[in-house]
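Shared between the two complexes below is subunit A, which pairs with subunit B and subunit C, respectively.
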Partner chain A sequence: MSLIADPPVRRQRRGRLARRRRLAGFLLSVPAIVLVAALLWTPIVQAVRYSMTNWNGYSAPVWIGPSAYASAFGDPIVRRVLENNALLLLAVPFAIGIPLIIAALLHEHVRGWRFFRSVYFLPTAISWVVIGMVALQFFADRGILNQLLADVGLGSIHTDFLASEYSALAALAITFIWSMIGTNTIIFLTGMATLDPTLIEAARVDGLSRRQIFYRVELPLLTRFIQFSFVITVISAFSALFSLIFVMTGGGPGLGTTTLEFFVYQAGFAQGQFGTGALYGVILFVIMIIVGIGQLRLIRSEDGEGW
Partner chain B sequence: MSRIVLDAVSKQFPGGATAVSSLDLEVSDGELLVLVGPSGCGKTTALRMVAGLEEVSSGTIYIDDRPVNDMEPRHRDIAMVFQGYALYPHLSVYDNMAFSLKYRRAVPKAEVKKRVSEAARILELEPLLDRKPRQLSGGQRQRVAMGRAIVRQPRAFLMDEPLSNLDAKLRVQMRAEIAQLQRSLGTTTIYVTHDQTEAMTLGSRVAVLNHGVLQQVAAPQEMYRNPANLFVAGFIGSPPMNLIDARLERGSSGPGGSGDPGGSGDPGGPDGPQVVFGHHRLGVPAQVTAERPGLARYLGRNIVLGVRPEHLSDAALMRDADAASVIELPVRLREELGSDVQIHCGIGAMVHHGEAALQDVTSLATLVARMDPQTALAEGQQARVHVETTRLHFFDPETGASIRG
Partner chain C sequence: MTAAPAPSAHSAHSAPSAPGSVPSAPGSPGSPGPAVSRWQSARFRRRVFAIVIFAAMVVIAIVMLYPFWYMGDNSFRNQGQFDQQSGHSLAGWTQLFQTLPVVQELVSSTIVCAAAIAIILLVATTAGFAFAKLRYRGSGLVFLLIIAAMMVPLQSIIIPEYVNLARFNLMSSYTGAILVYAALGAPFATFLMATYYRGISDELIEAAVMDGLSYERTFLRIALPLSLPAIATVTVLQFIQIWDDLLVGYLFLPTNDRTITVGLAVLSSGRTTGIPPLMAGSLVSAIPAIIVYLIFQRYLIRGLTLGMGK
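Up next is the complex of A and B:
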């Protein structure tokens, strides 16, 4: 009889305990929630509000409303800026592929691999401003690249890379790829260190060549690491290039290297149009949310079906 | 035809550690040879050398009379089953099994499907073909690993402790399945294990390794009956053979077993040899001295006496126990095993401890007997233990070699 009567009592106790635990959890979270609300949510809400005004930072903001967004998307300058962002995304496969190859070679533990690992990781430890200055010297009209081309007898293709719109964007993309090599190489090396060596041995006995093992065994098992690297590379392409652009090209020539992130700065701080700056900032924020959610979905679906 | 030969094969790792020392082995076509030994004895290294996963330091490995030392694993046409199964986690059971055929040999799709289906049928994996390895139990994973090896129809199977991750019951079941499978396929197989029971039950021949050195290769029963040395004697058999430091003496003084100090029986004749340990004396039958003429050289010298636990029985249950073969020992422990009982007796003599692996047993200085469960012997009692003296083993205490010819 007692066996039958027991469960509801225990359930009741468990229910009370669970409620108490939930309350304790909530109380402990309150300081963090307050901080996040004050430092993150409030500015976000404010930015959204300002994005629908013509606030110049001094006078009282005049409400424009959601039509500000409609006119922004109709603006050919905004479209050009978004096009630059899209073109920079073309650098992402290289910013992932090159480190993947470097990591695969380092993982073979050739002589001096530790030294090379440090060398490849070095760009990560350098400030974006310094990288931008070095890149400026490299791609300049009388820079290192043109000098190298002249030295190997290719002086005829001398180009001022930073003087034309698309070559400047290409120079920016190359610098971005270079600066991502260290981080992504370390991510892939970490991933490769987690691979079960017997799987590679099994593939060797199963008759696969080294190249087949890389493509058929190692690469699929590195999916999570590649996804992670993809997430941070795309985010960097959208929101970490400000310093490079500022130092290398100042967004030019024309709008050649102006990205949405740089455009926010130009509108808000160079032209004093804080309302417009907030508008572009919110657009960038929404794009990042869409990209982020898409990537999370991708990873989650792998979690469900993958290994 | 698939024959594997290891000719004086050695493996030294950087730093000088020798894993395998001048190993000579021949595995005939269709044979299942079991490499057995304690951890670190070099058995897995030897197997990995055959697979091509470790380089050979010296000596030559032949597969079908072709030296393969410098051949990549993928060109050796062998299949390996790993201890942790090494299933590709991102592939389904079907793709795991078909993996090698798909990417290595460009076997037509229909043929791949046929072979995988056939292997899945044999191994009862048909309902699991769409699952990923993480969705399988240990036993099922083990089957998939076997299936992956089978579909390739390789020249040889190499199995590296494939059952060691399974629980005891499943291990027994899978052991039987592997044995049946290997017999029906007739594929040459080298099977590595540290479990001597697995080695005895599976192998058509068993090779025992210790410290990288081959100790003995023989059929399981032959190895059990005639261990070549102390290591094999102590390693093969469960519980292991009792090894006692003893002395071989001429039996002119008369007394037989310690339980019958005035006993008349001396199977070896009045002058026949006797084994003496502590205050116990056992007559060595003439049949034994005839089979082991080398014993004559050890008269008056120390030897190591070996007695299998099942060759010790309760004299009280025997009608005509020969007094010369009976010794009296105090019972220290009785262990019930159902089919029989294990009686641990104090022997009042040094138990041989030449091998570090046996020290935990020898330190107890006990003799383990496997007896009929009807025996009434209990802890604290004095037991009259009959020793089957025709089944005694003798070893040289210096070299550890069995004393025979």
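Up next is the complex of A and C:
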């Protein structure tokens, strides 16, 4: 702390620099602002506007107003679609629990664990389209699963997941769980790497068993990572499965695997109802915001530095 | 396991107790016997434990790798061989190249990826640096608005996006899809770059400016080279994202400019193409992503963990 004030010349220079810095900051952020504003924020505002109209994309849109939402939620088809989304949430505990176990195994750092980590993460690089095509063969009538069952002498159990509504959704959910293993395992492995070894050692010295250490020491410390993976998993379940549905089931049978995100596509592009399509998109957006705000609050509370 | 007396130094190393005790604990002459056997059983148990874990990891590896094996195996079959699940031939591959313009679609994928990533890097590095080091009035709010755009699911804006791109006639070439991919990737990339630039010391930046560099040049000459690891992370993350995407390419690219992922999905949804060529196509589309993954794995993982706000 200098007791002497800056000489006037230097202070002036500081001021000029600060102004230049602010200007440079503004100029450098303009491209990002333009891109995001033009292609993400403007369309979401438009979507809200479209959602309250009856519009096929060609003729003049007919204004309906907010009552469009009321009639949408009263529509049994929409409810069926939302039910599919809700059912898909049943996959989330598995999509988190299985990777948690796998991460715990990897964290034992048994010989070759780095190799296995790479292997488990590999499917993350593969498109949902490719995953969906193999999954289709896995669940097919004459597919891998039935072959496997026959091979282990359970040929009497013949599955045909994709033939009926709820089982098709289950097939989709199982594929989804498999696809999330890589991402979530890495998240948990990262979390486990942050655990303080001295704390674990202290617990061991205190006579806690491996299992007790996992449940009483490690798991509570991993809460933040579990919450993060929960958000990622829910967001993926609701907004990343388009390709999988497109390839595996096309939304069927019936409405069996039509989730909200797929419904947007069907309404907008298969049936040409831009208004209702936009409306379903807005509903999806609101759900995402609710999930996302939770995450934002998590990040903020951990950092303590709000931005 | 025969009873070989263990060197006491090892036992002190592996035994959980004995805090600060000197190796070969003196005092009780009767203790070496039970101590050794306990050490052995602990080692034995740990060994068994390790083997069980290893076996479990092998099983999981098989589950994770099976699809790749399945694709490879069944791409080398014709329809008859596929139905019988026996015999191999090149039929799947020749059929693939007859039904799908593979090379052209790979070129399209490459062009779209490269252009979109270039735009993402341009806006994310500049904006990330600005939000981290060159704050101005309201920059915090702008940053928050850009980050928040990560929460916009593509499906929520797909219809207005379609209308807008059609209005500006951007769907007859790569342009529309490239712009949409760039916009979708920009928020997270900006977040990542800003997080990275925050780690660079203010003194370094100020020193460069005091030496007479403009802030823009300081960014180009000093911050940008320092941020190459973060740039690599963004590139790898976005490459895989865009290469693997279906919806944007499917809706916004003209049929002749389809990417390999889109081409494959459309071929598959037609339900008229046999499985072997589809498996061959799957491999073709997966291989570039796998190669990038294998080379740049750690950047991908870093991107994921950075996303946790760490």
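Observations on the model:
Here, the second predicted complex is superposed on the first by the 257 of 307 C-alpha atoms of A that agree within 3 Å, B and C clash if a C-alpha of one lies under 4 Å from a C-alpha of the other, contacts with A are read in each partner's own complex, and residues count from 1 in each chain.
Keep this in mind: a contact is a pair of C-beta atoms (placed from the backbone, for glycine too) under 8 Å apart; a residue touches a chain by one contact, two chains touch by 3 or more.
A quick note: this is a predicted structure, and the numbers were derived from the prediction, not measured.
Within the superposed three-chain model, A:217 lies in touch with subunit B and out of touch with subunit C [touch as defined at top]. Touch counts on subunit A: comparing subunit C and subunit B, the chain ahead is C.
Contacts of A:278 after superposition: subunit C is touched, whereas subunit B is not reached.
Using the contact criterion defined above for the overlaid structures, shared-chain residue A:36 touches subunit C, although it does not reach subunit B. Shared-chain residue A:77: touches no atom of subunit B or subunit C. By the touch criterion defined above, A:86 lies against neither subunit B nor subunit C after alignment on the C-alpha atoms of chain A.
Of the two partner chains placed by superposition, only subunit B is touched by A:202; subunit C is not.
Annotation: subunit A residues 204-205, 307 touch subunit B in one complex and subunit C in the other. Per the touch definition, subunit A reaches subunit B in the complex via residues 196, 198-199, 201-209, 212, 216-217, 220-221, 223, 306-307. In the complex of the two chains, the subunit C residues touching subunit A come out as 16-17, 19, 49-50, 53-54, 56-57, 60-61, 63-65, 67-68, 70-71, 74, 83, 85, 119, 122-124, 126-127, 129-131, 133-137, 139-140, 142-146, 148-164, 179-180, 182-184, 186-187, 190, 209, 214-216, 219, 240, 243-247, 251, 261, 264-265, 268-269, 275, 278-279, 282, 285-286, 289-290, 292-294, 297, 300-301, 304-305, 308-310. Subunit A meets subunit C in the complex at residues 17, 20-29, 31-33, 35-36, 38-44, 46-47, 50, 57, 102, 105-106, 108, 110-113, 116, 118-134, 136-137, 142, 144, 147, 178, 181-183, 186-187, 190, 204-205, 224-225, 228, 235, 238-239, 242-243, 246-247, 250, 260-261, 264-265, 268-269, 274, 277-278, 281-282, 284-285, 288-289, 292, 296, 298-299, 302-303, 307.
The part of subunit B that touches subunit A in the complex is made up of residues 51-53, 72-80, 82, 84, 86, 88-90, 99-100, 103-105, 132-134, 148, 152, 158.
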